[in-house]
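Before I ask anything, let me first share the structure, which is written out below as structure tokens.
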Amino acid sequence: MQFDVAFALSTVPTILGAIGMTLLVAAVSCVGASAIGFGLELIRRSGGLGGLFVRFLIDFIRATPVLVWLYCLYFILPFYGIRLGALATGMIGLSLYYSGYLAEVFKAGIDAIPNGQAEAARALGIGRMDITIFVIAPQMLRNIAAPMGNYFVSILKATPYLAVLAVPEMLGRAFDIASETYRYAEPLTVAGLIFLGLALLISHAIKRLEIRLLGPTAR
Amino acid sequence: ETAKERILREGKIVIGIHNRTPWGFRDEATGEAKGWHPDLLRAAFAELGVKEIDIRVTEFGALIPGLLAGRFDAVASGLSITPERCRQVAFGTPDLKVHDAAIVLTGNPKQIHGFEDIVSQKIIMGAGRGSVSVRNATVAGVPEGNMLLFPDIEANISALRSGRIDVTVLSSPTVIGLLASGKLKGLESADPFVTTDEQATYAAVAFRSEDGDLRALWDERLLALTKDGTVGKVMARYGFGETEVVPDTVTVEKLCGTAGADK
Amino acid sequence: MTQTDDKPAVQITSLNKWYGAFHVLKEVNLTIPSGSRFVICGPSGSGKSTLIRCLNGLEAYQQGTVTLGTIRLGDNARETALARRQTGMVFQSFNLFPHLTVLSNCTLALRRVPSMPRKEAESLARHFLEKVRIPEQADKYPAQLSGGQQQRVAIARALCMNPRLMLFDEPTSALDPEMVKEVLDVMTGLAHDGMTMICVTHEMGFAREVADQVVFMDQGSIVEQASPSAFFATPNHPRARSFLNTLLH
Amino acid sequence: MTQTDDKPAVQITSLNKWYGAFHVLKEVNLTIPSGSRFVICGPSGSGKSTLIRCLNGLEAYQQGTVTLGTIRLGDNARETALARRQTGMVFQSFNLFPHLTVLSNCTLALRRVPSMPRKEAESLARHFLEKVRIPEQADKYPAQLSGGQQQRVAIARALCMNPRLMLFDEPTSALDPEMVKEVLDVMTGLAHDGMTMICVTHEMGFAREVADQVVFMDQGSIVEQASPSAFFATPNHPRARSFLNTLLH
Amino acid sequence: MSMLEIWLGILQGFRVTALVTLYGLVFAIPFGLIFGVAQYLTTGPARFVVTSVIEFWRSSAVIILLFVFYYALPLAGLALSAMTVSAMVLGLNIGGYASQAVRAGLQALDRGQKEAGHALGLSRATILLRIELPQALVAMSPTFINQLIQLVKATSLVSLVTLTDMTFRAKEISQIEYDPVPIYSSLLLAYFIVCYPVALFGRWVERRINPAREARRAV
């Protein structure tokens, strides 16, 4: 079996046809995971029973594989009367799963902000909510652009797991081609290169964003 | 040394399976290979002194790549003969006729008895990604949007149970094996599920193209086993009947079409 | 600035605070009349920062009362919040918001807390930036300023809230020697305007020139309180004497 | 400590350094005789740290020469390394190794560079810890010490290498006022032992008491060099005058 | 099968999960250390090469790498065992992430540490080994522990290359049982039991490294 470049090129349009689905799932999951993760982190910081529960929840999420989560959401929840579509399950599953990781990232980002920032804001009489939105969150973002970008890349790379839910994303398309033609090397290499390209693109964009965020305010 | 010579010398053959009843699976109790093709292989090679059947379990999609990469000597997991596959591997004599069958909820509430019902009632159908059933369904007019393609059979069953699909279309031996396991509470096979002869496929053991001598040996042994009734016994063991018998007119060459002629 | 002159600006009675088992403030009593300037000094770890932070609710305490004007802290959540807003604080490490321009640093609280319209908030902020003599830096980010300029922004930011009382916690100790003077000059200006001020500092020149009273703390207690002239000339407490010695070596 | 008295300890000629387009050191010439104590002062950003860092190879420079004793830096890699080892440096922020005990901080370089046996290195280290008056802290970690103690460990660590020249870059400016004196006392002791010292500091009391010469830098140039008494009494350069003014307000 | 039987059945895959993890560490640790340090020390073209190697392993989709290394490389004459391929691909993928932590840890160190070493006349190697690395590795150890958990969970992909790990055992059982609720709950539990203690250990290390951090609540 030789690597057939012409065949590889012929698979590109089919595989790229699913790039929209892959990007949609990845983008929605990145936003969802960030939002849920930030919420979880705020609850954890507020302490109390809710904080303890969230602490456990975050470690629980981190201690279990994403695939099992997707299975549970898709195949087990319907037994309890909750029926989500495959796409919704995939996006919710990835969002929930990675929210545990992003909560950790947010924690580190917030911990790195000197105490004095919140104190100065409190001393000015600014309310808790406003401190979080206007003082903590923007500074946190500057601290965590890089690790957050890493997890965005991870989310992108996790989209092939949605194959178990019959969501037609790029790697699934590549396997479709493979199972029709029984040539594996070409479609998988093409899919691999597209994923690698997308991942590098995201990393690069995050680096640019980080530089812009730090721009005039860094010393 | 060819693969055949090595196998005979070592008394061991390595087969690839994707762990699927009744095709080829690891027995939970003994850890040995069982199933339609492993049983035939064992019977075929035992007399030649090849006593050990070493199994490599992998995903269905990795069976042919694994064979080509030399990870095992044969795929003994119910692979169907198709012209595309013939370009990659060398199939032995077809040994089982396979047609589509369907599993539905007990009582078959939507009265599904063929692809026409699925098309006319706009039923959501499940099937295995890359399986022959998908191709048959497409030809029969089932729109892509009404098919959910899962990577494995458990997912199909789970999806059926959780109401995500109304029917899953699988190969008849698979359905027979599933129902024989007695684990499909609340499910049954859609009886009858009408198919045409054009939709039928034929399973065979697959070898590497360059191992022509090994394939020839297998074909020879398989013929002998058919004659002495061993094949019939194995068929009965897995609940296969008349409908699964391969007609004499069907040959590898015909099934491979022009593609097989290249080899 | 109008002051309720009949009431002291700050009244601290029997204040006690513990960090776990560590008794950090011990029976602190202090009365600070409106319009007066107090300097607090003492060795490191003696509780100066803790005391001053108790005055605007950055630290909780276990015993005693703190009354700001007519409001006793902790009695009533709404009133306590009001009292805190009327207390400005300047930190040793400036604590400017690095992601906001100088102007936004000053207007953030105005726009949020009394919900002042943008225009009005900005003109108020510019007024105070002028007062601390850096009106031209309004659109820069904190990182683009020298330490002395940053601390002056911090003072302007606190002044924007129109505080009745200003708290300073070692405002010059993180500064380069040349910049100390810029900040002390601004503080002296405020003192001359009649602002009530409590200032933790080791700048004895400033204490001598500006303070009404010098308070000396040691190990969580106020061990001496006197006018600057009396304190520098004849410190009573032996700890204060040795402290002044090392300071003025 | 023996010194090669015929040669100056440090000889800087026509030193020029740029950071990109920014000319940070401009034609600096300076001769520091063996056994002398120089204090360098000047406004922030005038290049004091950069100059002192050029003396032990922490900064590269583009023009000019730096000669330590008989060795011209950069001529010969082995000799340069030797000269650097004979130069001790104490930083403003201590830069102790937080993962090592005080004793290991002091012995690390001894055990590596001259490969001294453990016993010998430790007894040498304890000797210098005694000299800086903290022998009892040998087994603690830096984080368990006060700032003044940490800086004294840093001095002991540098002394262990038996340097011919000690460089200090604002060794007291990160310290609490009471701890400044501890460190200055140790430094004064070293000066009285005859150690050649170059010290960037704004502690004018120390300069007056200990220094042979005060060097005043501004914008990358040495603009004035004089004995302390002359410098404090009648600074020639207008920038030096205004600087002394703000410092001694 | 009872829940307990299912669970014990899944545990039969534990040996492979553990072996791939441990063997994976043999790849991950040296790769993370060497490439992290190399990226920290190099500049210019050398750094570009180092970064490219790291990015390849870090940003590629693991499934595709497993497939290519196991099924395509033998065609080029290099037949590695399933265990070696799994350990190498998963190990180097995690090692790629670890290298970023190593580099970040080194970069985050106060510059004064290196300078103090130079001023004492220590060689660059001694400074790296005795001063910088010990501090950076300790500071980043919670990250490394998280990455260890990631590695354990990533072993769920090795069934693609014929290894029978816990996830694959669950699939095997599910094709006898066809009863997703107990099977996937058991699988969730199996991973949880393996990973949660590690996660807790990570939390403990985190607190020990920076006791102040727990107490610090900026929000």
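Which chain is which? They are A, B, C, D and E, in the order written, and residues in each are numbered from 1.
The working rule: a contact is a pair of C-beta atoms (placed from the backbone, for glycine too) under 8 Å apart; a residue touches a chain by one contact, two chains touch by 3 or more.
Chain identities (UniProt): A, E = Polar amino acid transport system permease protein; C, D = ABC-type polar amino acid transport system ATPase subunit.
Here the structure is a predicted model, which means the values were calculated and not measured.
A.B. asks: Both chain A and chain D are touched by which chains?
C.D. replies: Chains in contact with chain A as well as chain D: C, E.
A.B. asks: Using C-alpha centres only, name the chain that sits farthest from chain C.
C.D. replies: B
A.B. asks: Measuring centre to centre, with centres taken as mean CA positions, what chain is farthest from chain D?
C.D. replies: Following the centroid criterion, the farthest chain would be B.
A.B. asks: Just how far, in Å, is the C-alpha centre of chain E from the one of chain A?
C.D. replies: Chain centroid spacing, chain A to chain E, equals 18 Å.
A.B. asks: Roughly how far is chain C from chain D, going centre to centre by Cα mean, in whole Å?
C.D. replies: Their C-alpha centroids are separated by 36 Å.
A.B. asks: From the C-alpha centre of chain B to that of chain C, how far is it in Å?
C.D. replies: Computed value for the inter-centroid distance: 82 Å.
A.B. asks: Which whole number of Å gives the spacing of the CA centres of chain C and chain E?
C.D. replies: Distance between chain centres, rounded to whole Å: 50 Å.
A.B. asks: Please list all residues of chain A that touch 2 or more other chains.
C.D. replies: Within chain A, the residues that touch at least two other chains are 1, 71, 75-76, 79, 114, 117, 184.
A.B. asks: Could you say which residues in chain B touch two or more other chains, in rising order?
C.D. replies: Within chain B, the residues that touch at least two other chains are 65, 68, 158, 161-162.
A.B. asks: Provide the list of chain C residues touching at least two other chains, using ranges where the numbers run on.
C.D. replies: In chain C, no residue touches at least two other chains, as defined above.
A.B. asks: So, with touch as defined above, which chain pairs make the list?
C.D. replies: A-B, A-C, A-E, B-E, C-D, D-E
A.B. asks: Where on chain C does chain A make contact in their complex?
C.D. replies: Touching chain A: residues 56-58, 81, 84-85, 87-89, 91, 93, 95-99, 108-109, 112-113, 141-144, 154, 157-158, 161 of chain C.
A.B. asks: Can you list the residues on chain A that touch chain E in the complex?
C.D. replies: Within the complex, chain A contacts chain E at residues 1, 42, 45-47, 59-60, 62-68, 71-72, 75-76, 79, 104, 110-111, 113-115, 117-118, 128, 131-132, 136, 146, 150, 153, 157, 160, 171, 184-185, 188-189, 191-192, 195-196, 199-200, 203.
A.B. asks: Spell out the residues on chain C that touch chain D in their complex, using ranges where they run on.
C.D. replies: Listed in rising order, the residues are 43-44, 146, 176-181, 184, 202, 205, 243, 246-247, 249.
A.B. asks: Mind pulling up the chain E residues that touch chain D in the complex?
C.D. replies: 110, 112-113, 115-116, 118-123, 126, 130-131, 134-135, 138
A.B. asks: Show which residues of chain B lie in contact with chain E when the two form their complex.
C.D. replies: Contacts found on chain B: 16, 19-21, 25-26, 28, 56-59, 62, 65-66, 68-71, 152-154, 157-158, 161-162, 178, 181, 183-184.
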